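All remarks here apply to the structure that follows.
Labels A, B, C and D are assigned to the chains in the order they are written; within every chain, residues are numbered from 1.
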Amino acid sequence: MKMLINVPETVVADALRGMAAAHPELVVDVENRVVVRRDAPVAGKVALLSGGGSGHEPLHAGFVGPGMLDAACPGEVFTSPVPDQMVRAAAAVDSGRGVLFVVKNYTGDVLNFRMAAELAEDEGVQVATVLVDDDVAVTDSTFTAGRRGTGATLFVEKIAGAAAEEGMPLERVEALARQVVAGSRSFGVALSPCSTPAKGGPTFELPDGQLELGVGIHGEPGRERRGMMTSREIAEVSLDAILEDLSPRLPVLVLVNGMGATPLLELYGFAAEVRRVLDAREVAVARTLVGNYVTSLDMAGCSVTLCQADGELLRLWDAPVRTAALRWGR
Amino acid sequence: MKMLINVPETVVADALRGMAAAHPELVVDVENRVVVRRDAPVAGKVALLSGGGSGHEPLHAGFVGPGMLDAACPGEVFTSPVPDQMVRAAAAVDSGRGVLFVVKNYTGDVLNFRMAAELAEDEGVQVATVLVDDDVAVTDSTFTAGRRGTGATLFVEKIAGAAAEEGMPLERVEALARQVVAGSRSFGVALSPCSTPAKGGPTFELPDGQLELGVGIHGEPGRERRGMMTSREIAEVSLDAILEDLSPRLPVLVLVNGMGATPLLELYGFAAEVRRVLDAREVAVARTLVGNYVTSLDMAGCSVTLCQADGELLRLWDAPVRTAALRWGR
Amino acid sequence: MSDAVLDARFAVRWLTAAAALIDRDADRLTELDSAIGDADHGSNMRRGFAGVVAILEGAPPGTPGAVLIAAGRELISKVGGASGPLYGTLLRRTGKSLGDAPQVTAGELRSALDTGVKAVQELGGSAPGDKTMLDALVPAVEALGTSFDAAAEAAEEGARATVPLLARKGRASYLGERSIGHQDPGATSSALLFAALAEAAR
Amino acid sequence: MSDAVLDARFAVRWLTAAAALIDRDADRLTELDSAIGDADHGSNMRRGFAGVVAILEGAPPGTPGAVLIAAGRELISKVGGASGPLYGTLLRRTGKSLGDAPQVTAGELRSALDTGVKAVQELGGSAPGDKTMLDALVPAVEALGTSFDAAAEAAEEGARATVPLLARKGRASYLGERSIGHQDPGATSSALLFAALAEAAR
């Protein structure tokens, strides 16, 4: 598998050097793998910190900036960051009003962020943690690792980020983040596997004419393999799975997300089918975002995330944001 | 080849329906294939119109909005739009101060836009046309079709768009667009071919361990096939080709562009190597933009574009823009 | 020459036959365009000629000239790409040159086609030998002096003769030396156009 | 049991041997993780144990407990993922439990490892049978009562026994029924850890 890299060992450091070159508005600590908005710590503001394995770009470093994250900690490809990164980042962004850790629900992320929270608290930083677990393809049970965190992470980071930017206290920012998690559900489909630099090839085989339903964003196979479907059928299957779990009584924010290698042309076509299904099910759509935001390297495929939004969530979603990958308002 | 589509015949219309669903700030005429900013025609403003084959998204429809294009006309995949589209779009956006056609230099685009210009002028619209031809992989000669238009299109649309937004007259907007073209050069590399919906498979074969140097954005093979290279080597080869043709005496705008399927992680790593080479060659970098902007469906690979920018071009580059794919300022 | 009556119905028969041949060979045209272009020539031509058939199915114009003009217009507004304006211009200018006679001679058709092909050369800034549709069109019009079948054969031969050429126009020119060894898709579709003409005349 | 002197140098020998086995088998670990996980277990473990070797190569701590604590800390700050905190905790808690004795008995090591493995269970919220590293660790510590070689064999057997299990923890759990039929990568690396222990004791 051909990749645009030097050697697998340096992909994350190389990417961070590129971010530093392209984004003077960010402080990029390549050696310690921490990306921080240049004006941090922002006086009087709760700080938002996230991170996770690399390979999901622009998540998370692409969401650092006013109105969203204060810091991001990228781990190795598909490997959660280590506690040292979060401890260092927390120290860099804490203004004294506390730090919210936004953590996708994977064992590695949960454990490393938990250790980091303990260490940061030892250093006098007030930490709250919100776990994102929106993927309905995974059965949630206390006997399992629980649902995965995927597309809803973007909603949490944007909305909690806007709340923090407005000066809300840590408990309020955390409560809003939890509200977003509670009201968000996702479902993903792969048309092709991804290839990780470490493995140097595809993480699973997906024959022509077949797709994987209910995939995550780490190259793991999904819950079920099926014959190839049309964009319309994929929208139906995805939304069936989501709406079985969530019956929105409020207008929804919709994320039509590309896994990385699916052309934007196809993704917009898929967005049309998603809207068609939602209209048919009488789910009101407040906003639609289409693009590659929570990716899985070079996987072809897509995911849909719905987030039920009341007036306040919608206002916070619309609030100005200025990051590498998400920008609007002001 | 699996694609996230319904049938090949409807991909463009499907995508436009999706754009309509996601972007209420645009008027999307699905039937006539015209995308126009909602507030057009903007009184007293020169209008910018572009278009081309689909499959290069977000180019061009993703660049419609304040500070950039007034209208975009998407053709079939890799097929230039037909004159009717441009005539209709020109009528919709002309405020009386004239319309600038931004045309990538391909025979099909040139011919269709030329016909459209004649027809629009018959209807009383003042039309100027700028041809973008930045790809140094193609030998320029009067005995050939000339260099291809690729990444520089983004610089032309952004900078001329800002000039138009400021109220400059058509001749001035056109002159600035020509200045951008004259000072811009690109070079592209493919790690994998793309697959078009019509063909249903890859447009050429590229064995493992090989890449194509000097590719365009239509799935055509490049000028030369070579053994696989590192990101660092690709940056060197690309910039050698560009700097052989352009010796920037002014700081440059840099576009590090993904062809569609190359992960953003890799693209940022490549951006780091591009910067390293430019630093070594003592080329001053004013701004760097990294992302998938001028794509070729699901092709893996990248291109680099340099644009020599004086103070005014830089100011216009930094000016506010508010489109689906490019947004900053204000 | 054949004894066909070259009226509006003949023109409709010609274009309908062309549409059928193009539909049959669309994948081959796309395959050829895939090697030295962007893999759309087959779908471009199919879309365009399907449009032509659709407008001619209703109430076709009453003269061969008007039929060709209408078909040319349809190609220009349906096809896009390089082939849309070029083939559109070919048919439109040929039709214009035929004037409004309800019936024309083979000689008149040949001279009108000659005008049409010249318009293509002018629009494309191209000449025979550049590895384009002209390499089929020019010898075909030439051979039309002999017979419709000779024209079809000449077009076919012209298309095949593009294989060793180095492309100087259109997308294939980007490939430089690598364009050598492949048959030009546009010359191939031009051969279909003349095969259809011979068929219509039979 | 072997006659090895279980001092700091023994601990260094153990971890160095583990690093070598992991380096040798990293691709296999990644391959296993590719089937039911995210294809990084091999590179995670290799990166972590390379770090461990690096810090022990200088001036290693003077007691086996301190060596294990330092190694555990290094894993926590180098590996990430699920395996970093889990293996880091295993070594750190085992080391802590050994106290600051310059030399320990096999029985003391076994009971310290037992504490370490319990800490892994607590941190991971997991139990034997969930198809994780615990399926190798728990029987290995159990068999340590017999001999180092028996422990290595028990770990290896425990790893193999994960094949028919349905995963309830870690990434493999996302696959549900499809996790059945694959050997757990973490259990496999745990077997390497105990193979290295037996090697160090020889």
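Operating definition for what follows: contacts are C-beta pairs under 8 Å (C-beta built on N, C-alpha and C of every residue); 3 or more make two chains touch, one makes a residue touch a chain.
As the structure is a prediction and not an experimental result, all values here were calculated from the model.
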Shortest path length from chain A to chain C (each step joins two touching chains): 2
If you average the CA atoms of chain B and of chain C, how far apart do the two points sit, in angstrom? 31
How many angstrom lie between the centres of chain B and chain D, each centre taken as the mean Cα position? 53
Round to the nearest whole Å and give the separation of the Cα centres of chain C and chain D. 73
How big is the gap, in whole Å, between where the Cα atoms of chain A centre and where those of chain B centre? 29
Indicate the residues of chain B shared as contacts by at least two other chains. 77
By residue number and range, which residues of chain D touch two or more other chains? none
All pairs of touching chains? A-B, A-D, B-C
Contact residues on chain B for chain A in the complex? 1-7, 10-12, 14-22, 54-55, 57-58, 62, 77, 191-192, 208-209, 211, 228, 230-232, 234, 256, 260-275, 285, 288-290, 292, 295, 297-298, 300-302, 322, 327-328, 330
Please output the residues of chain B touching chain C within their complex, sorted ascending. 8, 53, 75-84, 106-108, 111-112, 115, 137-139, 143-145, 148, 196, 198-199, 203-204, 216, 218-221, 223
Chain C contacts chain B in the complex at 30-31, 34-40, 42-44, 47, 76-86, 123-124, 168-171, 173-176, 178
